[in-house]
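The structures considered in this document are given below.
You will see two complexes here that share chain A, one where it goes with chain B and one where it goes with chain C.
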Partner chain A sequence: MSRSIWRHGLGALAASGVLLGSAACSGGSGGDSDPDATAGACEPAKDGEKVTLTFTSWVPGMQETVDLWNSQNPDIQVDYKEVVGGNDGTYQSYSNQIKAGKTPDIGMVEFDNLPTFRLQDGLANVGSCEPVVEAKDEYVDWAISQTSFGEQDAVYGIPMDIGPMALYYRKDLFDKAGIPVPATWDEYYEAAKKIKAEGARIGDFPTDQPAWFTAMAWQNGASWFSNDGDTWQVSLTDDKTQQVADYWQKLIDEDLVNTTPGLSDVQWQALNTGEEWSIIGAAWTTKLLESSAPDTAGKWAVAPMPQWEAGGNAAGNWGGSTAVVFKDSEHPYEAAQFATWAFGDMEALTLNNKNGGQYPATVEGQESLPALTEGLPFYGDQEVWGVFAEASAGVDPSFQWGPTMTQTYSDLADGIGRAVNGDGTLSDALQTAQEKTVESMKAQSLTVAE
Partner chain B sequence: MTTTSPLAATAETTADPPTRLSRRDATPRRGRRHHLAVAGFLAPFLTVFAAFYLVPIGYAIYQSFLKVERDGTFGPARQVFAGLDQYATVVRSNDFWDSFVNVSQFFVLSIPLQLGFALVFALVLDSPFLRGASFFRLAFFAPYAVPGVIAALMWGFMYSPQLSPFPAVAERLDLLGPTWVMFAMVNVVNWVYTGYNMLILYSALQAVPAEVIEAATMDGAGQLRIAWSIKIPHILPALVLTGIFSIIGTLQLFNEPQVFRGISSAVSSKFSPNMVVYATSNVPDYHLAAAFSVVLALLTCVLSFLFLKLAQRRAFQ
Partner chain C sequence: MSTAIEAAVETTPRPPGGGRARRPVRRQSLLEVLLPTGFMVLAALYFLLPLWWLVVASSRERTGSSGTGLWFDGPFRLFRNISDVLAHNDGIFVRWLANSFAYATFGALVGTLFASMAGYALAKYVFPGREAVFNIILAGVLVPATALALPLFLLASLVDATDSMWAVLLPSTVSPFGVYLCRIYAAAAVPDELLEAARLDGASEFRAFFTVSIRLMAPALVTVFLFQFVVVWNNFLLPLVMLQDNRLYPVTLGLATWNSQVTRVADIQLYVIVGALLSILPLVIAFLALQRFWRTGLSEGAVK
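Up next is the complex of A and B:
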């Protein structure tokens, strides 16, 4: 007994020594690696060599997809580990792992955080890997174009799923109150007033979900970041964003929406009890709403996002992820092979949708995945996925993310938190986030145009 | 300071001075074998202490003197020596100093109440008239056994109007709004740590010599008088200790505000100094985060030391 404790103790001590040692070594050498080392060097492993890949993600039930791959590919085995959501700690782990040279082969990174890891020089460019070259045309244009950072033929992440947005609403309550489903933001405002008169709220302005607010600005054609290869432009306060900020400020000031943290127990409870009548959500919200507001089954329906211009079809995109191959992976070819299969093969996509509620990033998946043509009982048997296919086509492909998105989001969320509590406005929040983003980018030694 | 167990510290301050002197006399004569034994017993501690304490601190200090340089938009980063650049940013950082204002307010609202209750509970437990002292001792201490994050979640549910089992109260008080959220968090921290501090004070009370109390009783002093004039002066060193723990604990506040961010829009991601460090390392800007950490550690040391000096002048004269 006591002997085994002793041995464990020694083991732990040795392990920690190794960790510290390796962290110290790689800390200094991280910047010296040859930038061209990975480009064009995407070769499969030698014949007969068995490859084991490590893969982490937070998609519920991804293990089942991996199991299917493993049973079909005895020579390329994938060792899967489920981790917590990116902003809940996994991104920080990835950053630390990149610094320590201990990344998995494949990881999950949302589109908005892709530049952050590119900036850390942590991602392999798999654009020249044969499996990616073959699969590239199958993805929705704007999704694959977000992974290149303007570099010719570069692919720094293989699209996993996307989050085109729509309006989920309580059809029964809207019908009963005789309120038409809002097709424009003006109509949404009018509906909000009527619903408030009924003693409820049309929905929530999620105070801790800056990505949601970003998607609102994206829908209106905002352009927050751009770069010409040397210099970054940052414009969180452009006219389009300002219009969105002023609109929501009005709804907040008139107490027409709740201002609680989004996707939280608080919001689910409000939706489950009919205190809130709608939620502007992404494709992946479909399954989440189903499990989080179980008492309202069958009473929901999905409509396109309200428009800034009547008759438009613009949609925002909230979330969506890529499977990245980390730079330290010894088998980028096999990693790309697995990732293009896991997020492109119809059988895999079906599992991802069934278990994880993922909405595919491939055109074929969106159009012909059997699971996506069925009516969903929770939504009164409506074929909701069709709404998202249309939304996906209406997402502005030119939107770009900044290289310090974690910081931009956190400052934006802080400002939004202050604004909904009466300290400043959403417009102020954007101004502060703008300034801090520029500051933070300069600290990363990036050139930013003033 | 933090590595000394509270019980050992109080025991030491109440130990007999003569014993200590004679022990000190004995050491030099023992010779080499003795030194080897000392080294042998200390080695396990020192190894772990160095690996998990000194080395990381050294690494953080080293990191804080570096900065990142790169060419072009996504050029690979180089770490170069930056002198005091990061510290200049720390000095200019409003977020960082605002967070100190936040925890100072937190301290004022939380600690007097917390230590006051801890002292009262300890004295009550120590009084000869209380029945079931061991039950109450455990009951008061039990919240400390609940991990901080769990405690914050639990209270958070009770505060939230939508989730609370007492919706009427939660709705009326708006405990998660900008005015009251600080008190709401103070309450969580007090709930967890009052029992802990009580236990430190209670164990110090056990060391008050029975003869002194007996003498006071003979002189006709009541329980209140004994508590005020004998017990409290006797456990002042322990009170100072809980004060220092409280300073350190408040400056390192993290769990409660971090959890409350998930249920209240009134808690910013940079509420406490530790959250500023966390947010900065998330960017990831390791060098600035390291500089924040070093400054936070230094300030914690300085404040604890000042408090100790101040308290010693009054308590040990």
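Up next is the complex of A and C:
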């Protein structure tokens, strides 16, 4: 849990990037300060100095939040740019910009990709910045703790939003068929059998969403990555994950769930026509379901995720992102000030929720955001947000991401895609992803325990 | 079939200026007609089907919920959807289309000029290292654009040109394939005697090129222009790497930003589909209008 592991990784990256060295050095925009200064001091700009920050993200409607800030803070203006999704290309751009020293001040990085950028030494530690010190306690603890990498008082990203999960189900159909809402995974299996007998399916096992499967394992207390300071442990095939894989394999083999791409036209259509009776989704799925299955308005309800142990309250987390301050930013203080406002202030959170469907990462936001305290007609006037607030409290804070998640996800998705077509099993998919991950971490000169 | 191929070879068009040989009249059996025709029809269907789906999907009220079939169901909303897309985000889509047009037109025009000059010089002037230069340019055809994106970005950031139109425009003017095609074509289509005559009449090398040679090379130039236009229009990686300001985005990158928002705002999925349809229209028009030149140009280069 020390910093050495990151230094080690950095050296490896620097070695592999020799060709780019000269450009990276001359392109630096650090200005007058020495490289280590950003790690310690986080000072505001001098009085009267006007600061302009650049901020990129792919949250729909974020411009409106930025406009509100700009109108209230004439001395700290934010220049916002909307970019493509991280895995669609922006992460690659960030990596290039880090090499060239041309990053924006603030960027958007999903939780699972934070370690990648930490390893590239691209992120500023804003843990000592006054605005962060003040706001730190307001965030859900497992969300803020994911941004520290175990370093004392470190914060490498301000949580923007999170995706605690729950079970969305067709209340009318469950009631009519006399099937109780499953509280455990055993009950989910039983319900799935009954629903199949009715000629429908309980839901979908998304074939193209490795992050969804990860969230399933996370709920069961899986621990995929850990490090003890020098050495990484990779265990995608631990008992907890294995249990989850075997469970879904059983449902797939018995044809109790559909196996179509998640959040796709096919799935929405199945949900809209009553062909599927439920979906295990995140908080941000609420609005998506509402607009994608309009013919079923008023017939839905939300319940906590089924549990592995009866009476538990464990939940998975699917998605969620952070606002990072890049290391080359000349104004980490103001950047942190903006980020803690944009993802902590009630007015800003309201806009983010309205335009971008973001579910806040602050406790206050979850509990008292006006939009999150009312009943939703689509869900039979149920106050669904309370379910997600509870789910958020049940997310295992010890789960850690690996430093090569893009690769891990891609290998996992490949394996899952094969498994649902009868070529191998989910268990095989995990085994392959495990091997490929270890391989790719070693290729980055990281020490990995066998 | 073998006689048919021989007949085709016999009728291969001669270099510009020469007349076309008349196709020998020959009776073909029914099977000989049906088989290739049937195959071409199937191939055409295969390639047109996604396009047709795009038109149908763009006419729906919403994606997903109203079916994914290949025929119109529900109200026909294509034009309503188009106007929605054009109006979304203060009409940013129109701007993306204009940007794409600017990038592709500039890249194709300047790229064609450069390629024709380079190809002509390599074909018509003898100088030491000529083949070496040509081979190096030819090797450029083999280097994937992906591999060049990062070095180009680092170069652009050295001169502070990232996040500007120039960062996309300048690399778009380079076409190694165009140089190759122009050289092959110029070697065959521009007779040395004609250049001699031009020189004897006192024309400078530049004048000889711009008034005589470039006209003879016209079919190749159209080919290079179209080819480069399509390449720049469809380019995604270079603008992705270079640009952050979405007012500078070409339509490919713009659609990708919308597509990354579909998991948060479901309506955008329809906009992406309608936008994709709109974004291919200029290419379809360009092809239909310039098809004739495109075909001749390609085959001329291929045969020589």
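Criterion: the second predicted complex is superposed on the first by the 414 of 450 C-alpha atoms of A that agree within 3 Å, B and C clash if a C-alpha of one lies under 4 Å from a C-alpha of the other, contacts with A are read in each partner's own complex, and residues count from 1 in each chain.
Keep this in mind: a contact is a pair of C-beta atoms (placed from the backbone, for glycine too) under 8 Å apart; a residue touches a chain by one contact, two chains touch by 3 or more.
What you see is a predicted model, and the numbers here were worked out from it, not measured in a lab.
Colleague: Using the superposition described at the top, determine whether chain B or chain C touches more residues of chain A.
Modeller: B
Colleague: Once chain A of both complexes is superposed, is A:D414 in touch with chain B (first), chain C (second), both, or neither?
Modeller: first
Colleague: Thinking of the overlay built on chain A, is A:V266 touched by chain B (first), by chain C (second), by both, or by neither?
Modeller: Both partners, chain B and chain C.
Colleague: Once chain A of both complexes is superposed, is A:L446 in touch with chain B (first), chain C (second), both, or neither?
Modeller: It touches chain B, and chain C stays clear.
Colleague: According to the stated criteria, A:S278 is in contact with first (chain B), second (chain C), both, or neither; which is it?
Modeller: neither
Colleague: Which of the two partners, first being chain B and second being chain C, lies in contact with A:N317: first, second, both, or neither?
Modeller: Neither partner.
Colleague: Just chain B (first), just chain C (second), both, or neither: which does A:T425 touch?
Modeller: neither
Colleague: Mind working out whether A:G357 is in touch with chain B, chain C, both or neither, as first, second, both or neither?
Modeller: After superposition on chain A, A:G357 lies in contact with chain C alone.
Colleague: For A:K99, using the defined touch cut-off, is the partner it touches chain B, chain C, both, or neither? Pick first, second, both or neither.
Modeller: both
Colleague: For A:T207 in the superposed arrangement: first (chain B), second (chain C), both or neither?
Modeller: First partner only, chain B.
Colleague: Which parts of chain A are in contact with chain B and also with chain C?
Modeller: Touching chain B and chain C on chain A: residues 20, 24, 27, 92, 99, 264-266, 269.
Colleague: Help me check something: in the complex, which residues belonging to chain C touch chain A?
Modeller: 62-65, 67-68, 149-150, 153-155, 157-158, 162, 236, 240-241, 244-246, 253, 256-257, 259-269
Colleague: Tell me, which parts of chain A touch chain B in their complex?
Modeller: Per the touch definition, chain A meets chain B at residues 13, 16-17, 20, 24, 27-28, 30-31, 33, 35, 91-92, 95, 99, 115-116, 118-121, 149, 207-208, 227, 229-230, 232, 259-261, 264-266, 269-270, 275, 403-404, 406-407, 410, 413-414, 416-418, 420-423, 440, 443-446.
Colleague: Which part of chain A faces chain C closely enough to touch in the complex?
Modeller: Contact set of chain A toward chain C: 20, 23-24, 26-27, 54, 56, 58-60, 81-86, 88-89, 92-93, 96, 99-102, 104, 263-266, 268-269, 272, 284, 287-288, 291-295, 356-358.
Colleague: Where on chain B is chain A touching in the complex?
Modeller: Those in contact with chain A are residues 47-48, 51-52, 55, 59, 67-70, 72-79, 89, 157, 160, 162-163, 177-178, 261-270, 279, 281-286, 288.
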